[in-house]
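In the two complexes that follow, subunit A is the common piece, with subunit B as its partner first and subunit C second.
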Partner chain A sequence: MSSKIISKKITFLIMLITGLIVLLDYFIENPELAAGSLFLMKLAAILVAFSLGVAAVGIFRLHVPIVLKRVKGEWYFSAWMLFVIVLTTLIGVFGGVDHPAFQWIFSNIFLPLSSTMFAMLGFFIISAAYRAFRARGLDATVLLLTGVLVMLMNMPLGGAIWSGFPIIGTWLRDIPAMAGYRGVTLALTIGLVAYSIRVIIGYEKPMGG
Partner chain B sequence: MSLVQGRIVTFALTIGLIIAIVVYAERAKKGKLPNIRTLPPLEAINEAVQRATETGRPVHFTTGYGGGGLDTDVGVYHLAGLAVLRRVAELTAKYDIPLYSTFCHPELVPLAEDIIKIAYIKEGKARNIKPEMAQLIGGRQFPYAMGVMGLLLDKRPAANIMVGNFWAESLLIAETGNIIGALQIGGGADITAVPMLIAACDYVIMFEELFAAQAYLTKDPVLTGSLAAQDLYKILALIFCIIGVIFATMGIDWSWFLSL
Partner chain C sequence: MRSLWEGDNMGEGSFLSKMLTIDRRILYWILVVLIVIPIIRPIGLPIPVSETTRRLYDTLKNLPEGSVLVLDNSVGAIAWAEIGSALETVTKFIASKNFRVIIWSTTSPECGSLTERYLLDIFKKAGKKYGEDYVLIGYVPGAVLALAALARDMRYPRKDFYGNDLDTLKIFEKVRTANDVAAVVLAESGAEGYAYVTQWYAQYRVTILDICTGALVSERMIAYNAGQIKGMVAGARGSAEIELLTGYLGAGISSADALSITHLYLIILVVIGNIAYLEERKVRRGK
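== the complex of A and B ==
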């Protein structure tokens, strides 16, 4: 038997055993099973933390050559990124996340930039909605009308124009939209459970090999 | 050892689903394959890579932020997204097209590297594997979105394939893809993000279609067969809904059954 087949079988056994332990722990009251499941979940969290190191190596493998080769239009961005990664890591490791310098970076650089990106979302929604809400056919027209009615429900001006807008909008949200939402949730949950079972029993191999 | 009170019905249904999956998979092995309707977004992957080949531009793939990585309850959506990456990597390897795949969660990077490596080795193009094919960007929602938007504007891919789990970053990335004129295939399961993907992408893999991706793309009889078990349970859920409506209308209390 080749080493490739043995490796595949070991991978399958690990997936099957870990999957079954965590799955059965949800249904069966057993202290050993609960301890095993908790251990596996902690192990998963540790493995995920380790993968940050692997991914960081990947970042250096990608950006160091760009800096060394002085790739036009790119090298200074890569150099700046590497500098910021090293600086933040050093402050975080030696000073801890409560260190004033770490907190300053987080509060004065990370948070404002994240908020800026989130604020930009409003403009992107307008351009996407403009394309989606054009009345090109029957479906798009229904979408346009529904969108307008729900918008009129949400804005104070809608109720001021006609008191019926909030009632229609609320009905659209609570009845047809909720029915669709529940149908989708039901189908999605069944699909999710079936997919997880297929992964555990080795039918589905999303990770390659 | 005893079953947890309130989860007995769920346990029975889960065992039933496992049996149904195995039975349908065995039937499929014997040639009794169920019909799967055409899924245009998955068919469009070929079109997207061919377009990239014609224009000489790269292909971009990402699985999104979506609230968490593999160690969270949305991890399974990212896994389903990686099944699509496998197909994309096979095609980019075949046609010698540059591939950029970006990830917000570090644990997805080694998995993606492995998937890409297998796809390129299978096509005999191992020398074409490059570090930028699977890269970590951000680690948080908006730095990730910013990084991907920058990459899209810089590399100008002909196809932007975003399949996994997305939140608000879906629109930021997809609108940038629209600005550069990329053919866009979106896919997700978050009920608030899918409408954004529908508004911004050319094709969208919606909700549970995501879990059929690997079966559809590989045409594997076992996987295709097991999808029928999923459909059987959807019919069962529908019957439960109808019974529930009838019982509620008639005032019959069946909460004892659900609390088992």
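== the complex of A and C ==
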């Protein structure tokens, strides 16, 4: 047997055993099984933490060449981003997250910029609503009316304008929208269960694996 | 000077059809004015309290003294402007009661810094002791996996945000698993609500109370209507409602007028846009 086949079989066995331990813990009450499952979960959580480091490496792999090649109109943005990443990391690692410089960066750069990015959505929505939200056909008209009624339900003033708006909006949200969401959620969950079982028994390659 | 109309058709068509090509910067500036004025000078438009917010308030109010709560601050800096004030208000209400509070997030690395900046002072001002009445664990990486592990062993991160050993903190003396927790107050802008329902409610029947962004409301209503989420503060509107209920007035109330007016502005724009579109279509068909 070639080493490739052996390594594939070992990978499959690890997936089967870990998958079964975690899965069975949800159905069978057994202290040893629970301890094993918890150990595997902690292990996986630690691996997820490492993925943050992998993401940082990915950013460097993408942006360092841009800086080195002096790509027109881009390189200075990349250089600035890399500089800020290195600076924040150094302060955070050596000074701790309580360090005044780290707190200053968080409060005066990160926080306002994040809020700004989110707030800009409002402008895009206004522009999109004005130019793209059109009653072009029956489907679009139904969508348009539903959107307007749900907006009237969401705004505090809606109920004061007419007490029927919250009733209609709530009905739209709780009956037709909910039915759609439930269908999607159930289909997604059943699909996920099927996919997980296929991964555990080796019929499917796990994502990225 | 640049034209107020996008494109070069100023002289063509009716007023409404010209409206279709209005420079978007005008729409943006009107929006800015409509947001800023009511915040500076509140109008005091009515704010009816919804059932979801009332149920969150009632559930918290009726929790027994000494209950252990998990406060999951997964808002993140990006959505803080929308629901941060609601989380602050709920924290003020929690701090006014005799609860023990454990704070973490399994999805937001900003949890520690945001909690330090906005929430910890609330506990200090209420005379609560760190490590005894409240503790900040901070970011626990791993999302759903970490939540599943925390439900089985809440001390598994080992250290709090400041490097203290969790085993040495008084708050953890009788707290180990999700069975020891009375309720989770989750503030989220992502998929955390669904993770808590599957890992904490389905298995341990822990009461889940949710503070979520407006965009998540329809999705979370599935769990709310099924009784899996007991109460919910929904978006910026919910922030104003919870402030009214608790009496801790703040940014939520002052932005409620802006919320109503900007929604109304959006609806008016949709109506104008559609009338203009229909008129233009009629003219085009006539030609």
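Just so we're on the same page, the second predicted complex is superposed on the first by the 185 of 209 C-alpha atoms of A that agree within 3 Å, B and C clash if a C-alpha of one lies under 4 Å from a C-alpha of the other, contacts with A are read in each partner's own complex, and residues count from 1 in each chain.
In this section, a residue touches a chain if its C-beta (ideal position, glycine included) is under 8 Å from a C-beta of that chain, and two chains touch if they have at least 3 such contacts.
Everything numeric here is computed off the predicted structure, so don't read it as measured data.
By the touch criterion defined above, A:Ala135 reaches subunit C but does not reach subunit B.
In the superposition on chain A, contact is made by A:Ala44 with both subunit B and subunit C. By the touch criterion defined above, A:Arg173 lies against subunit C but remains apart from subunit B after alignment on the C-alpha atoms of chain A.
In the superposition on chain A, contact is made by A:Thr185 with both subunit B and subunit C. When the two complexes are overlaid on their common chain A, residue A:Gly36 makes contact with neither subunit B nor subunit C. Once chain A of one complex is fitted onto chain A of the other, the partner contacts of A:Gly19 are absent, as it touches neither subunit B nor subunit C. Using the contact criterion defined above for the overlaid structures, shared-chain residue A:Gln103 touches subunit C, although it does not reach subunit B.
Of the two partner chains placed by superposition, A:Gly92 touches none, neither subunit B nor subunit C. Once the two complexes are laid over each other on the shared chain, residue contacts for A:Gly159 go to subunit C alone; subunit B is not touched. Overlap of the subunit B and subunit C contact sets on subunit A: residues 26, 44-45, 48, 52, 110, 114, 117-118, 125, 127, 129, 131, 181, 185. Residues of subunit A touching subunit B in their complex: 23, 26-30, 44-45, 47-48, 51-52, 54-56, 58-59, 61-62, 74, 110, 113-114, 117-118, 120-121, 124-125, 127-129, 131-132, 181, 184-188, 190-199, 201, 203-209. By the touch criterion stated above, subunit C contacts subunit A in their complex at residues 20, 24, 27-28, 31, 35, 45-48, 76-82, 109-110, 112-113, 117, 140-143, 145-146, 148-149, 152-153, 156, 161-162, 203, 214, 217-219, 221-222, 225, 235, 237, 240, 256, 259-267, 269-270, 272-274, 277-278. The touching residues of subunit A, when paired with subunit C in their complex, are 26, 34, 37-38, 41-42, 44-46, 48-49, 52, 97-98, 103, 106-107, 110-111, 114-115, 117-119, 122-123, 125-127, 129-131, 133-135, 144, 147-148, 151-152, 154-160, 166, 173-174, 177-178, 181-182, 185. For subunit B in complex with subunit A, the residues that touch the partner chain are 1-4, 7, 10-11, 14, 17-18, 21-22, 25, 69-71, 76, 79-80, 82-83, 86, 103, 105-107, 109-111, 113-115, 118, 131-132, 134-136, 139-143, 145-146, 154, 168, 171-172, 174-175, 178, 189, 191, 196, 198-200, 207-208, 210-212, 214, 222-223, 226-227, 229-230, 233-234, 237, 241.
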